Amino acid sequence: MTWISKDWAMGGIIKGLIVTLKHVFRVGNRPTVTVQYPYEKMPVHPRFRGLHAIDEDACIGCGICEVNCPNSTITIVKHNTRWYPQVNMGMCLFCGICVDVCPMNAMKMTGNYELADYSRESLIYGPDRLLFKKEVN
Amino acid sequence: MESDELFINMGPVHPSTHGVARFKLRMDGESIKECTPVIGYLHRGTEKIGEMKTYLQFIPYTDRLDYIAAFPNNYAYVKAVEELAGIEVPLRAEYIRVLTMELNRIVNHIVSIGSLLMDLGAATMIMWGFRERENALQLFEMLCGARMTFNYIKPGGVREDIPDGFIPKLNEFIKDMEKRIVDYEQLINGNEIFHMRMKNIGVISGKDAVNYGWTGPTLRGSGVDYDLRKYEPYSIYPDLDFKVCVRKEGDSYARFIVRMDEMKESLHILRQVVDNMPATKLISMAEYGISPMTGTPTAVSTYFPRIFTPPAGEVYSRIEAPKGELGFYVVSDGTTKPYRVKIRSPSFCNLTAIPSLVKGLKIGDLIAAFGTIDVVLGDVDR
Amino acid sequence: MLFLAMWTGDIMFENTYELIVFILNFIGIYDPIYNVFEMFGLEYLLRIIIVLAEIAALFVFILLTVMFLTWMERKVVAMVQARYGPMVTGPRGLLQPVMDGVKLIGKEDIIPAKADRWVFTLAPFLIFIPALLVFIPLPFGESLIISDLNVGLLYIIAISAISPIAILMAGWASNNKYSLMGAIRAVAQDISYTIPLALAAISVVLLTGSLSTVDIVTAQSGTWFGFIPKWFIFLQPLGFILFLIASIAEMGRIPFDFQESESELVAGFFTEYSGMKFAMFFLAEYAHLFSVSAIVVTLFLGGWSVPFLSSIPATFAVLIPIISLAAFVIKTYVIIFFAMWLRDTVPRMRIDQLLNIGWKIMIPLALLNLLATAILLTAGVF
Amino acid sequence: MNSAEELKNLLPGSVISTGLQLNKPMAVVKKEDLVKAAGKAKEIGFDHLSVITGIDYRDHFEVIYNFFSYSKKQNLAIKVNLDHDKPEVDSLTSLWKGADWLERETFDLVGIKFIGHPNLIRILLPDGWNGHPLRKDYDMNTEQFVTIGDNGDDVVSPDGTNLLRRK
């Protein structure tokens, strides 16, 4: 006789049905929250750690970022007579230590997160794809 | 009735093993006669990596242990290093750390409850949970630039101060979350089918739970009133008012309810943290000219040299992570790299009990019990 | 005016064939065509062509409905879960089922190496064809019935009892333990829930004294006291609830989706199927959803009968077959929506609990309901 | 008096020395008497075995057991020193069921044998793996590849030429 209980009224399930119905009709601040990703994008916060960017004038190619990178992602390569970091995005942890340790504050991370590519070679971002010039006011 | 035994290999690729856990099941029809967990599919040698990287470089790897809730991992390691080197931390930084960790506890419990319900067949909860989790992840992104692998808590403080507009958004989240928890409770808590699936399933007594080395919400579900935040307080937890959520039953339902209650307690803690946070002048990276990790103390970080060599010694430091007791055993030999890093991960120790927990139950119960133990395979395999 | 005569009962059609003949006659082209066929002594061929045409129309209707149902399912789930659902293909994703079909046709048809090839190939057909055959004696509207069998209800129950065989074949032939367990579960569930289903249906048969679906619907037209529709749901509330629960179990949907139980048995009995064979299982599942909902409507919600239609002005009476079809479809969709809505709310039960409820609660209650109906009927209350 | 000294008072013969592991009391115990000492610790209330750590110090091994008492809210660490040639110590699985996996993990990664363990096999790495990774003399330069053998078991081999691997 353990089967006979007040659970037979299914009060809990009815409660749950009401809550889900409220969602179906979007009653009381229960809006659709997803975004149609490829067509619209969520805003990226300014501190977002995405693809690197290197200030062309500030970077002195000292290699501190290379030494401090946990995954040995960064190598210093020659680019137009000067030395700049090259970042292998396939191995990057996006930890931001390279940004923290840069003595010239030349490295920063941008909000670009769409880094998928077709080959491992194209994931190695050389200085030609990372450098930017700070605008002089 | 005697029948032939059926051997089933559940996992490592299976919808409800939360990643790559594998169970070798010896079945009698639908009942489990013996369950042997096989782990290690996600083993990345984190402890070996810890020996090979400097103290600062290892922090991003701790993010990858329990990737659902990464702030406590950061903090547990950093706390060990700080104890080893005797580093003082600004009060504001401690408040920010507790803020992030409690927010992360909510995120963890949302994911835990959601995936439990999804394993039981009700996919709605995880979608609702991820709706709120998204808001929390937005807050994390605002705070430290990453959504799951933060690398935010550093020895001596945190990486950056909280940005403008963070606190109002956090308050909004707290207010929103309170309403959502009511929704969750209406959806799940009273559901008769849920009761049938969870009550008196996977029962473990408090004594056994302690013997198995269970910690966290799973232990508190068995009636052991224990929370490191309360009884071995660290950071600013002594100043905060919160209660430890305990249930006596020790079954799957009790563990679930403990998580529900802990979310509310975490919201309560968050509100206190927001109210009591010491106001200091915000020093942003841009304002400062150079970043805090280059060796200059800021409002949220004390002096931390780039070449950091703590004195030789060993320390075992533990915190109450969302899944249980997370400990780091760090041995230093006075060089820039730790001599040995041992991670006591809660998921690993909680998973130990699964064979005895599910003996004689059905496959569906194995999934329910496994869901309430709440493991993350990155944390189990390390 | 002939339609009006038809509605008022002066001219009744047994089935769609006679309706088509009548319409062709009304337009005035039936006799010339008939004469052409008679010239070659092939009158029966005309009959066959008409029947084939109406069966083709039925199947197209069912397939379109099923495709729409897959879209609707996803949309309802999305609405509950605060999402959009399919949005890209067609207006609001309406063409998504077409794209799914195209994708599934393009997929490789994999037969596992150790599978029983013939049984493996036969099973999807054996489950798909009965799912369509069920619709033969179902009245979609006034005169819209392929064949009004005098044992219509028996036929429906008998045909739907074929699907466990197909499921068992699929599960066995896949040579996969998950498939086999899913199949065994499905068979156990189907057998235990067909009995209360049939018992609840017999209570309705007692009220009408006929197994013919048309008679059952006709008995439910009209109203009591002018405002309560004469639906059997009001005479048989318990029977309706039992029938609804049993039919959700027959459909194999959450909370009774043991044949699939995604999180336990990966995908149940069709784990190993791919491509078009998988699509046939998928379509059969939704055809089943539609047919079972239609049976619920036929037995308890008055079928195509519209209670207050007699007050409609005679000038609109031409529309009555269409109105009756619309009424039937709307009622069916209400039941389908309920099934989808329930699916998003509750978790799955456990197989032993399901069987317990089936044998210990549903069957005694159904028998009790039958007894009560018989006594009240004999006493002359109904 | 901290908990390590309490243990020394109870078992003067087994505890070699007491000290502090930074801020937590620690007792160094003879390796033969580990089960006795741990059993005594469990008796006086240290019911939670938090972690088992094995450390390779090149000349010797150390195994450290961290305990906690739920009733007293106190910590205790027990350390045993093992020879480098014969890293063997008694298992604590008879006292704590939770020690099972922790010991297996220590065996797997550090290579310390726990005598009396019911099922001392590798847990994180596949059976047949060469070496114990957390030893200081572990060969980091040899790659080992894991494939599935004919009967479904993991097969470890240093030869990865047959694997589908892109460079």
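For clarity, chains are labelled A, B, C and D in written order, and residue numbers in each chain start from 1.
Rule of thumb we're sticking to: contacts are C-beta pairs under 8 Å (C-beta built on N, C-alpha and C of every residue); 3 or more make two chains touch, one makes a residue touch a chain.
This is a predicted model, so every value here is computed, not measured.
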Would you pick out the chains that touch chain C and also touch chain D? B
Starting at chain A, figure out the least number of steps needed to reach chain D through touching chains. 2
Give the label of the chain whose average Cα location is farthest from that of chain B. C
Would you mind telling me which chain pair, A-B or A-C, is linked by more contacting C-beta pairs? A-B
If you average the CA atoms of chain A and of chain B, how many Å lie between those two points? 21
Counting in whole Å, what is the centre-to-centre distance of chain B and chain C, each centre being its mean C-alpha position? 48
For chain B and chain D, what's the span in angstrom between their mean Cα positions? 24
Residues of chain A that contact two or more other chains, please. 13, 16, 19-20, 33
Residues of chain C whose C-beta touches two or more other chains: 80-83, 344-346
By the touch rule stated above, which residues of chain D touch at least two different other chains? none
Applying that definition of touch, give me each pair of chains that meets it. A-B, A-C, B-C, B-D
Within the complex, which stretch of chain A touches chain C? 3, 13, 16-17, 19-21, 23-24, 30-34, 36
Which of the residues in chain B end up touching chain C in this complex? 6-8, 14-16, 30, 117-124, 127-128, 131, 187, 191, 193-194, 196-197, 362-365, 367
In their shared complex, chain B is touched by residues of chain D numbered 21-24, 47-51, 53, 55-56, 64, 66, 70, 73, 75, 77, 96-102, 105, 109, 122-126, 133-134, 138
Touching chain B in the complex, chain C uses residues 77, 80-83, 177-178, 181, 254-255, 257, 261-266, 344-353
Touching residues on chain B, where the partner in the complex is chain A: 53-54, 56-61, 63, 124, 131, 134, 138, 141-146, 149, 151, 159-160, 163, 179, 183, 186-195, 289-294, 306
